[in-house]
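Each of the next two complexes has chain A plus one more chain, namely chain B in the first and chain C in the second.
Up next is the complex of A and B:
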């Protein structure tokens, strides 16, 4: 009975899919190839990342700046998808958008801030210059490397790897850096708790001094 | 190596899937508005809606007509961009979240290897939308609601992920189809029996993550009028409303897939079982909304950090030990 139902379903699907396949055949010479699509996706993601970054540094409102940061994270997640590692892309969104940005929002709400960002001024010429230098610094390192190794490193199409490989790597060959990072996070958390509880006095109703 | 062309078939598939998901979301909102009001009436011993149509069955239609016809009112001094972005940001990611759900053995829009991570990652955008709505509407209740939404959303996300992770450990896959497939047809072979603690933790966090009573602190109407969506009227409010019900449906489908056997049933496996189970979970959510009083905010956070989080870590540890031993 079940087998029969699934047979009927697949026959029906076949009837829908047949004209679409014909359409694919007919459009085939005009359709872009995967490589072209990858270039297009790369360009879109680069634009998203840059737009987010500029939004983050140019907006005078902290929440809008945070939104620019979210846009950048989305673009970076797209880059991970383009490199055939969906797991990293989703983790990027889960951790940076779902936790880090939300905590930034929390911090902004807990501090006194005026809505329009009136206190912020346009940066001086000197700091603009430093900013430009900082922007060009990665280029100064990466540029020669790219020129030196262009075409020499074989570029293969990335294949989707299971998360199992990632987990095995983190717990075997890279176990020491992995654990060290968690120790750093633990230290940061302990420090935050210490700072928050420094003036804590349980006798006075748990009020901070 | 020959480079492949963009497949028209898969593009059409994706578009059709998105349209079906939108249809499901709207239909679900309409059905659930009626069911929720009738259910509330039943629990509180009153008739519920009965004026519009037979048994008040056209009440959701009247409600949605009212929302569509309402004037969009924008209060003074709002952050315009964020104010209009927030409802859209609440609505759009939900569309994506339904794609990896295996409704039936063949009825899966997108077979993603890391479907669970996709759902958890894009669920964060809903929280972000609530925050932006509360912040941008220049209203003290809105800001208070947004502040509560952050604390609650971030806190309850952790036990929820850990509870789902226990099932992922047990199955050895993050693909939702694999998780549904790994459970048997008989009800005693579903995951809620071998992961009772994870099931319980997931049920609690599911209510908190969808901002429903007794955990509806971000919008508690008797304290904050309507919390983060106080200043939204007409379609802005309708989008929040739609995405809230869609989120409820999503967590119910995830619950059905992870703990209640997915599309497997005692007789004749198929997508109907997924829908029956998901709507059973929805009925449960409605039931406890009208049964329990709202908790206080410190109680809400204490339940999470002092009970659910240690329990979920313990559960994960026990699961790992048992898997290692067996």
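Up next is the complex of A and C:
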């Protein structure tokens, strides 16, 4: 029974793998080395990041902007996977998509700007011009520098080093930054609670101020 | 042009998009979204550099990116509280209206 199941599974996998292999053979003269799949995945992730990012900064609806942000986070998580850091990819999903986006959603819900608010109009022409300038300036300044100098550094293909080493590093060499980030998180949360509850009066039916 | 170049260009793209959003957005929530974009680009560039250069310690790079993520979470928490306070005081969270210090 198990043998049969594994046979079926391998047959199915063969059906998926055969066209991929044919595609690889067909494309291999045009692609750099055997790393064509990585380049393809990188191109897909860049497209996902571009689509999500422009959605996040241009959408007139803040909920849609947040969904664009989620798309961007997914693309960056894929880039972490390409960089052989699967733990970071999962942390990206957990922290950003799981926590930060929920915070942003709360911020959208607790303010009155989701529909017909200030964000729903297009920005003024001057503001759009400044935005285009702010988009082009980092590309114009740092882009040529990256193209000129980053290519000179000898690089290797990223190798996974195992998640256990990360934990060992957190508890041995880098224990001080670890504790610092804990304190920062604690202080930030205490400050957030203090700010949110300042002026909160339970005797007046929980009315603020 | 090595793989490091491509990853750094992708993170530069994230920085540029975040900066453009920071300029064009009118509300604090939209600006928070843009800042998250930029922080994500920073983490990506750190990991790309540390994992690609042979002499660099890949563990240190991943931990640095984790710290950036922790800072981003703390920053988002604080900004949420600030947005609450601004909403309570001014009734709106557009940056043009939040211009008095006291």
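Just so it is clear, the second predicted complex is superposed on the first by the 127 of 209 C-alpha atoms of A that agree within 3 Å, B and C clash if a C-alpha of one lies under 4 Å from a C-alpha of the other, contacts with A are read in each partner's own complex, and residues count from 1 in each chain.
One rule holds in what follows: contacts are C-beta pairs under 8 Å (C-beta built on N, C-alpha and C of every residue); 3 or more make two chains touch, one makes a residue touch a chain.
Computed from a prediction, not measured in an experiment: that's the story for all the values here.
Novice: Quick one: is A:99 in contact with chain B, with chain C, with both, or with neither? Answer first, second, both or neither.
Specialist: both
Novice: A:72 contacts which: chain B (first), chain C (second), both, neither?
Specialist: second
Novice: Classify the contacts of A:87 with the two partner chains as first (chain B alone), second (chain C alone), both, or neither.
Specialist: both
Novice: Who contacts more of chain A, chain B or chain C?
Specialist: C
Novice: Touch test for A:169: chain B only (first), chain C only (second), both, or neither?
Specialist: The second partner, chain C, only.
Novice: Does chain B (first) or chain C (second) touch A:57, or do both, or does neither?
Specialist: second
Novice: For chain A, what residues appear in both contact lists, the one with chain B and the one with chain C?
Specialist: 87, 91-92, 99, 103, 106, 157
Novice: Quick one: in the complex, what on chain A touches chain B?
Specialist: 1-2, 5-6, 9-10, 13, 17, 20-21, 23-24, 27-28, 31-35, 37, 61, 63-64, 67, 70, 86-87, 90-94, 97-99, 101-103, 105-106, 109, 115, 157, 160, 162-163
Novice: Please name which positions on chain B make contact with chain A in the complex.
Specialist: 1, 3-9, 12, 77, 79, 81-82, 85, 105-106, 112-114, 117-118, 120-125, 127-128, 131-132, 135-136, 138, 143, 146-147, 150-151, 153-154, 157, 174, 268-270
Novice: Can you list the residues on chain A that touch chain C in the complex?
Specialist: Touching chain C from chain A are residues 42, 45-46, 49-50, 53-54, 56-58, 62, 65-66, 69, 72-73, 76, 79-80, 83-85, 87-88, 91-92, 95-96, 99-100, 103-104, 106-108, 110-113, 117-119, 123, 127-128, 130-139, 142-143, 146-147, 150-151, 153-159, 161, 165-166, 169-170, 174, 177, 181, 184-185, 187-189, 191-193, 195-196, 198-199, 208-209.
Novice: Would you tell me which residues of chain C are touching chain A in their complex?
Specialist: Checking each residue of chain C against chain A gives 1-10, 12-30, 32-34, 36-37, 40, 43-44, 47-48, 51-54, 58-60, 62-63, 65-67, 69-85, 87-88, 92-94.
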